[in-house]
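Structures given as structure tokens follow.
Two complexes are shown next, each including chain A; its partner changes from chain B in the first to chain C in the second.
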Partner chain A sequence: MTDPKTLWAAVSRAALNWKLLVPLAVALELFNRLSPASSSTLLTEVAILALFATSLNLLMSFGHMVSFGHAAYFGLGAYGFTLAVTRGGLAPEMALLVGPLAAALGGLVFGALCVRLTEIYFAMLTLACAQITYTVLFQWYDVTGGDTGITGFMIPRLGLSETGYASLVLGLVALALLALWMIVKSPLGLMIRAVGQDRARAEALGLAARRVQLVAFVIAAFFAGIAGTLYAVLHGSAFPDYAGLGLTLDGLIMVVLGGLNSFAGGIWGAVIYEMLSNFVPKFIHQWELVLGLLLLGICLAMPHGFAGLLARLGWRGGKGEK
Partner chain B sequence: MILIQLVNGLMEGMTLFLIASGLTLIFGVTRIINFAHGSLFMLGAFVTYELVPLIGPGTLWGFFAAVLLAGLAVSLLGMLFEMLALRRIYGADGLMQLIVTVALVLILRDVVRMIWGPNSLSVPMPDRLMGALQIGDSYFPLFPIAVFLAGLVVVVAMIWVIYFTRAGILLRAGTDDRGMVALCGVNERLIFTAVFAAGAFLAGLAGGLAAPYGEVNHLLDTTVIVSAFIVCVIGGLGNLYGALAGALLVGLTKAIGVMYFPRLSMVLIFLIMALILIARSMGRQGGTAR
Partner chain C sequence: MAPILSARHIRKSYGAFVALRDISLDIPHGERHALIGPNGAGKSTFIACLAGQLSGVEGQMLFKDENVAALPPAALARRGIGRTFQISRAFLQMTVLENLMAAHVIASGRWAALSRRIYGERIDRAHEMLVTVGLADRARDRVADLSLGDRKRLEFGMALVGEPELLLLDEPTAGMSIKERHGLMDMVAERLASEGRTLLFVEHDIDVVMKIAQRVTVMVRGAVLAVGTPEEIAANDEVQAVYLGGGH
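Let's turn to the complex of A and B:
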């Protein structure tokens, strides 16, 4: 794919709706430029979480692998970046590459173990792996700083203004989402979906199911690592909670809120979730209670989430492949 | 020192077994992983905290009566949850069912925080279990021994119910082949509700029993559910004896590992689990539920 022509062919084969996406990107950037700094930060967080949720969605919607420990790779990305700066002495700009690679490496190690199992056992083992990551980050004081995390090692946002960093993150997240979309559309994506939909048949066709799943797992970990790195840069800090069960659940909730079995589900979910989590607590103190009830209602009434609802209303932009 | 940790490990193993067995029973029949099982445990501990001063503070029977009542209360809640929410989506994707139980986790955590606040509470130990038992030159704390024995009683009762009563026959039949049980004219829904109630009862009971030996707070739910999951993975979901072995293994490893690797005892447990998983998935198709 080095030849720009084949690259362009691949992008257009991915059948992106450019007429819709370009105005959307322009609108987001305009909003970013015109609004106060606080909403730029909110925008940055939404974009980062959208990438995180979409990386999880790659596993869930397409590979049918429910990971209960995806935050581990977000955390590994954040800590990989942070430790490369504090311990490795790299410049923050260079360390940006270390975070995602650390996450991918973690994904390779844990993934190799997890893909030996299927369905609920897979979910449980990913959860255990993530809790181990969390425990190590939380308790290994000498290196990770334990529960106080690592702070003050760099200028937050690489010295950029809130607005400038938001533009950077929006651009990077857009590229990452595009890459994920192309992976879904590529032969590799087809393999991931084949194994997810009918493992026995995929194996009969000669696919090495475990290897395909491992590749999907590492890819998802890598993109979660990008999200984690960007998040660590945004706040100039890393905390064990970045790898905690809470964030994993947030990611799962986003995917379910946004809608399973659709690529846009993770993005919608992150937007809705962030909006709710920012505005609900201003009115009601019990945010988790509200979220739980909302989730319960969605699962019982609308099992295909928000994107599914849009699709049912005839809006095809967010419709997934199934 | 090692003997005391041994006793503590046995107690923790027994509580873990009570939780994991409920998880396993529910999974066996309904194919649902109840992510809220740790929350039910936590609720059992809080209800015990409320009931102990009411029934008989400091007395032995007061404590155990409170624990039993807490178990029943949690069981009632589990039953309601099954009937109002889970029952509607048995046909749906497995993930949806998992998410519904996650929703219950969120709801219960906030409810607990609303009622009992965010600070840790402590439940008084019965006076008679405060001391230690002297055997030869070594002392064993009484309370963990009592909890272990109480757990043993529950285990025996559970085995009796499962293997020697009609309810147990239905439970085992439901685990083997749901459809066939329904075809035989048994009300399948009743089995589901009953199993969920029983699992919730066990979780509530475990929460009550363990309450005096640690802090009771709203963060218990996730720590407990992770340990229970590890137990289930080691023992094999749906396998009661596996859960017992796994729970004791995890409990003892945790308690004794703390002495040698105070910070990494969880990592040790994880390594054991990984080894068992690798060893087991060599032969069979790795760990697919039976």
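Let's turn to the complex of A and C:
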């Protein structure tokens, strides 16, 4: 018979492997400090996309809600921040808070609509909401600048050097990922997983499944909004493409590459995808072909992606669902 | 005393097919009531109606004198109707213990909690329940790796966590050996009796029905054929005819 204390440890197995994480953080920061500015910018982008993919992964791996419109919240974060500076007259440092809040608000409004349906119909609604967002950003010239976007309204990176901004983003993304991890391991996270795995079972136990899904949706939108905000600051600009289908697909691909059903899947996926998309085209022209073959291989041979592969090799570090 | 559950003229169709035609049934507080009948009689459909899981159900349903016919499943569960499913449904990718904890979190109403305090508060009770349903040494196993019988036990434990006043069990012992069946249902009966709770269960094993139920309803083709004590039902010629000639 197992004693309850050990049992509790099994449920609340939220302990992070600090022995692994601290050296990793130090290594990343060292790399940032020692490498050229272009590498720091790449590092910044990877970190931002890792956060974006992980926010999508919260919905996909844990809530089993496939969103075809997650870039909308990245875009709302970027534009929320940008418009707070250009229209609201806020200092960029203050406007940093507005981006994620705008994304969360968008998530609340669109999410309330989307969670009324499930599965493919849910996915289609998320797509519709994202297309609406994109169209508004693209067409509403007076406010959003339309297809030319908004540029030149601030010094990129808040005036920090490439290296300095990379450090800031690494720190913020680490905090955001930690917060997402705590959410997954919290009672709320357990509820998100429960609804994802068997909605009728959860409802029969007395859970208002839609409300849980809406909360998950808003949380995911909020963190995607942080990513979008950091991205707008990096380039000192906002474009409609930030909310476009391209980025949505990138996010989906990252999650699948990195590994469904694993917390770390979004992070691995962003790293692998960005590395590949930066380096493969230098050697091979048909980058899309390589990506297509890679996805084919993953879906057929290792459906749990890179994180699943690591787990099979005995490295238990980032497994979320098990 | 008014019955805890009173279903009146319940009708339910799947398209053109009428699955339940005018079912009325009263269940007094604290009764153990069995629902039997051949395959396809509509037993599971009736259970699903009572749990609020079907749309397009006609008729009235009074639970503790409140008309609850139009309420969604979660609202019914919060009012005290718990259920298990014929094909057991637990959260497959979670461990056994996580499943029980999920039931505890839902029962506590603290579904939006970020603090993990409730895990600590409820762990002893969760552990007790694991012992009760005989899964203490499987706490850390994933549900997907459990036998069907063990999944049924787990689901039963999860339903009990919410302390439902009316428990609906759809074939709780399917997939178990005869000995396990009697063991589980004896435990269920004892536990519910000591807490004064009401039980409505679907069961194919007539021996179990005879032993556990205080009253039995026999359903055939979407209608109630007979209601009575186990002895009355056993002696009923019509029921005999259905069971002997009814291809069961």
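Quick notes on this one:
In the analysis below, the second predicted complex is superposed on the first by the 308 of 322 C-alpha atoms of A that agree within 3 Å, B and C clash if a C-alpha of one lies under 4 Å from a C-alpha of the other, contacts with A are read in each partner's own complex, and residues count from 1 in each chain.
Throughout what follows, a contact is a pair of C-beta atoms (placed from the backbone, for glycine too) under 8 Å apart; a residue touches a chain by one contact, two chains touch by 3 or more.
From a predicted model like this one, the values you see are computed outputs, not experimental measurements.
Look at A:Val136: by the touch rule set out above, it reaches chain B but stays clear of chain C. Contacts of A:Arg33 after superposition on the shared chain: neither chain B nor chain C is touched. When the shared chain is aligned, no partner comes close enough to touch A:Arg87: not chain B, not chain C. Of the two partner chains, chain C is the only one touched by A:Gly206; chain B is not. Contact with chain C, but none with chain B, is seen for A:Ser186 once the two complexes are overlaid on the shared chain. In the overlay built on the shared chain, the residue A:Asp198 is in contact with chain C alone; chain B does not reach it.
Contacts of chain A with chain B, set against its contacts with chain C after fitting on chain A, share not one residue. Against chain C, in their complex, chain A makes its touches with residues 1-2, 4-5, 7-8, 10-12, 14, 182-183, 185-188, 190-191, 193-194, 197-198, 200-209, 211-212, 215, 261, 321-322.
Chain B makes touch with chain A in their complex at residues 27, 33, 85, 88-89, 92-96, 98-100, 102-107, 109-111, 113-114, 222, 226, 229-230, 232-233, 237, 263-264, 266-267, 270, 273-274, 277-278, 281, 285-289.
Chain A makes touch with chain B in their complex at residues 60, 66, 113, 116-121, 123-125, 127-129, 131-132, 135-136, 139-140, 245, 249, 252-253, 256, 260, 286-289, 291-293, 295-296, 299-300, 303.
Residues of chain C touching chain A in their complex: 51, 53, 72-74, 77-78, 82-83, 85, 89-95, 97-98, 101-103, 105-107, 110-116, 118-120, 123-124, 126-127, 131, 136-137, 139-140, 142, 158-159, 161-162.
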